[in-house]
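Okay, got some structures for you below.
First chain A sits with chain B, and in the next complex the same chain sits with chain C.
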Partner chain A sequence: MNLLSFVFFAFLCILLLLYYKAGSGLQWKVLLFASLVFYMWARPVYVVFILISIVSTWKLMQNPVKSHFIWTIVINLGLLVIFKYSVNFGIHDLIAPLGISFYTFMTLGYAHDCYDKKITPSNDLLRYALFISYFPQLTQGPIGTYQEMQEQLTEYHKFDPENIKLGAYRVIIGVFKKLVIAGRVAFYIDTVYASPKSYGGLTIIVATCFYLIEMYADFSGYMDIVCGVSQMLGIRLKENFRRPYFSKSIPEYWRRWHISLNEWFNTHLFMPSVTTDWNRKLARLLGKVFPKAKKGTLRLIFPTIIVWIVTGVWHGAKVSYLGWGIYFAAVMLISFCTSSYVKKFSKKIHWNPDNVFVKIFQVVRTLFVLSIGEIIYRSESLENMKAAFRNILTDTRISGSSIAAAMTPFGNGNQAAASVIIIAVLAIAQFAVELAKEKDEKAFTGHRYLYAGAMLVVIALFGVAGKSNFMYQAF
Partner chain B sequence: MEKLIGLLKDIRDDVDFENRTDLIDSKILTSFDIIQIISTLDDEYDISIPAVEIVPANFNSAEAIYALITKLKG
Partner chain C sequence: MKKVIRTLVIAAVLIAAAVIFKNTYSCNMPVRNRGIRDAIRTGDLDVLFIGSSTFRANVDMPMMDEAFGGRVYDISYGGNQLVATAIQYEEIKKRSDHKYGLIVFELGPMMLTQEVALSDSRVIWDLSWDGKKKLWESMSQAGNTDPAMMYEYFVTSGMDDLVTFPVTEPFYSTRYYKGAKTDETPSPGAEKLESAEFDISDAQLVDAQAKAVSDIIEACRRDGQDFVFVESPCYHRLQEDKSFQKYRDEFTRILREKEAPYILAEDVDFDSSEADFFEDMNHMSAEGRRAYTKELIRVLTERSGV
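Let's turn to the complex of A and B:
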């Protein structure tokens, strides 16, 4: 069910009515039923796979011993591999079940926490089923943890008009980001990245900057919609973004972008790898080669490589995703290995980290490093990636003709000028919207009606209606 | 305890390990620092800190870290 469709709007209205009419024992069951309806809407048969995952994991984790934990991993990762990766090898042409990458991670996280005795396994299959299938977070996350979600999902929520207003306001912000901002720039990016060899360096740089805007507006817009919908039901989802493009380093960026996925990797893959015996031994061996290196830094090397390759492959079985993972593994390692030298050097040249110009420099540097990774990620083939980098390095002159060339993917004449003005205004508007969102989250004050009205007008005037699929839906 | 404070100061000399009890909660230590700490403790105290013990409660203060070492040693 597409979140930007009339069907979803009708579904939500009916759900809200039934949900707040239901008594305390029934309310969460209404939510479970609605989640299954949502899931089965497009391809009813596919509910079988999520049910296999839910029932087997729940049953095995009733007694979370090692062999059961291994079986849970085999079943869940097995399904993920069958659907997500084997299609690339021509074994079958089945479409992956909706949200499989996300609910598999929630399931594995739950199993790992049970196995580590961080949580008490759920003794109620239906309550556990709601945790995995809760429809706002099912398709693209956020990847919630059992500790954070379980009580909220099953406790009784009294009708509160503030929650409905704040939730709806958040949904409007999300639709604005998706349809107006991401939708506006997507056409330009798609045109340039379809054939980067045909465009000059400046055009590719503009398309890459737009891509950063599109990714954020698309993904965080989706999160605003689902967090808003969930708030209407009285349930707070985990925030997945904290203004990531203001990060001063790449490690900081990854703590502020897709937060729930990165925390998942940190808890369930990175930290366990850091503390394993084989990693300790490898770090000791490396210590003999690099006797001056810090011991802790040596223990970071292999876990960082593993996590980033898995993160890349998690996006799909494509060389560009793998390349992207390797690139960020390298960037993170360089950042870890040089951090103490950079600190010493900064002290020597009297750089004040609180100085505004130093901060701006660090933010721009982070965006630059990030952009290189996104060129790798966005290029659809190795050939396109090479063409994009070649043209940026050899064909970037800022002249009248190169600027005119950079305008061509917009269309012609007035259309190009209008697009540039609209995107500039919208980028500023988005920043203002973000600030306003964070300023006063608790109360629905009067000025929000004005903001919401203004956003709805802009959505109606400039929204790109054909672009209703979200990027992360593909994962 | 003195030895521990010294080791922690070697990793982050700008942090008041004697008095702070919110090292993780207030984001004073990053995950990078935590890994430097566990790796130093593993070697210095001949212990092996498992992933399941890497929780905020065990790293919020020098005292909590000391308690963790004592627990793993015993």
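Let's turn to the complex of A and C:
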């Protein structure tokens, strides 16, 4: 069910009615039923696979011993690999069940927490099923943890008009980001990245900057919609973004972008890898090659490489995703290994980290490093990636004709200037709205009516209709 | 609750007002150097071009001005659609009493294969409400309409231009002169043109576009309007392509059947294998534009007597 469809709007209205009419014992069951309806809407048969995952994990984790934990991993990762990577083995007619990457992570996270005895396994299959299948977070996250979600999902929520208003407001912000901002820049990016060899360096740089905007507007817009919907139901989802493009370093960026996924990798893959015997042994071996290096730093090297390669491949079995993972592994390692030298050097040249120009420099530097990674990620083939880098390095000129050429992917010259102006104004407006949201989170005060009304007008008049698939749905 | 309803009502009123304004008055916005309104403002014309971006790039308007004493104009955005061209013709006839010595329509073979769709929102911006409705009906008959398309067509398309008009209009108007391009685009060179990829082997004839050719001819005859179809030369790789030739034959077959006058690429003395003359497969560089226009003026004068 597409979140930007009238069907979903009707579904949500009916659900809210039934949900708040239901008594305390029934309310969460209404939510479970609605989640299964949501899931089955596109392809009813795929409910079988999520049910296999739910039932097997719940049953095995009733007794969370090592063998059961391993079986849970085999079953869930097995399904994920079969559906997600079958195309790489020549099987083209298997369509991955909706949200399989995300619910697999939630399932594995739950199993790992049970195995580590961080949580008590659920003794109620239906309540556990709701945790995994809760529809707002099912298709693209955020990847909630059992501790955070279970009580909220199953406790009784009294109807609160403030929740409905704040939730709807958040949904409007999400739709605005997706349809107006992401939708407007997407066409440009698709055109340029379909054949980067046909475009000059400046055009590819513009497309890459737009891609950063699109990714954020698309993904955080989706999160705003699902968090808003969830808030209408009285349930708070984990925040997945904290203005990531204002990060001063790449490690900080990854703490502010897709927070729940990165926390999942940190908790369930990175930290366990750091403490394993094989990692200690490898770190010791590396210590012999680099005797001056700190032991702590050496222990981070292999887990970092593993986490980033897995993150890359999680997006899909494509060379560009693998390259993206390797690139960020390298950036993170360089960041770990050089941080102490950079600090010393900064002190030496009296580089004040609180100075606003230093901060701007750091933010721009982070965006620059990030952009290189995104060129790798967005390129549809190795050849396109090479062409993109080659043209940026050899064919970037700031001249009247190259600026005019950079306008052409907007479709036709007549709309180019209008598009640039609209995108710039909207991006600034959106930033202002986000700042206001952070300052005034709790109450639905007067200015929010103004923002909401203005955004509704802009969505209606400038939204890109009919092209509403979210980027992360593909994963 | 009152505040929520008030917000929704005010938003709905603003949206409706903007939509009505755009659809009714967009064709009257004072745009310069392009479009039907500006063509009408120019007055009686000896030659009026109606075509796509090919005419926009390949016709040198200062040279045309010199040849025809300034009585020439180029309406050059039809989104590659003959259906749009037919509607633009009806529109300019309906909205003006001016006399047009010769109307030059584009003989673009691949235009026969274009879907009847919203391929260039400038066409809609330029049409009156009746013209907009007519184009929509054509799209509907061709089965290319759905609620999302309807929304894009009547609500969102051209809104950018409407709200940014005071800022963008001066910028746009410098890029055109009487509907034709003014920039001095160079050729990317033989190497790039020879290696550029294009694939038109899957192109299919769209009946509505073929019918539009007949409609244009019949409308001109009904109005006693002199006209000619002109094929603008493409770079030799496209010009010699089998699919291209197939649709070129189809286009000329319709014209012959209707006994309509036409000028083919080879009727004009122009070397379509000269890479310096092209910006891409079907748009000319500034150098090519001037070389072609010089010869086109000669042929138009000789053959059509303008």
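Keep this in mind: the second predicted complex is superposed on the first by the 473 of 475 C-alpha atoms of A that agree within 3 Å, B and C clash if a C-alpha of one lies under 4 Å from a C-alpha of the other, contacts with A are read in each partner's own complex, and residues count from 1 in each chain.
To be clear about the criterion, contacts are C-beta pairs under 8 Å (C-beta built on N, C-alpha and C of every residue); 3 or more make two chains touch, one makes a residue touch a chain.
The structure displayed is predicted, hence computed values, not measured ones.
Model built by superposing both complexes on chain A: chain B and chain C fit together without a clash.
In the superposition on chain A, A:Arg299 contacts chain B only, with no contact to chain C. Of the two partner chains, chain C is the only one touched by A:Ile422; chain B is not.
In the superposed model, A:Ile50 makes contact with neither chain B nor chain C.
By the touch criterion defined above, A:Pro251 reaches chain B but does not reach chain C.
In the superposed pair of complexes, A:Ile143 makes contact with neither chain B nor chain C. Look at A:Arg280: by the touch rule set out above, it reaches chain B but stays clear of chain C. By the touch criterion stated above, A:Ser339 is placed in contact with chain B alone, chain C being left untouched.
Chain B and chain C, viewed from the C-alpha centre of chain A in the overlaid structures, lie at an angle of 150 degrees when rounded to the nearest 10. With both complexes placed on chain A, chain A has more residues touched by C than by the other of chain B and chain C. Remark: least CA distance from chain B to chain C after fitting both complexes onto chain A is 40 Å. Chain B contributes residues 11, 30-32, 35-40, 42-43, 48-52, 54 to its touches with chain A in the complex. Against chain B, in their complex, chain A makes its touches with residues 116-118, 251, 266, 271-272, 274-275, 277, 280, 283, 294-300, 336, 339.
The touching residues of chain A, counted against chain C in their complex, run 161, 165, 195, 198, 401, 404, 412-415, 417-419, 421-422, 449, 452-453, 456-457, 460-466. Chain C contributes residues 1, 3-4, 6-8, 10-11, 14-15, 18-19, 34, 53, 77, 120-122, 146, 148-149, 151-152, 155-156, 159-161, 163-164, 167-168, 171-172, 175, 183, 185-186, 196-197 to its touches with chain A in the complex.
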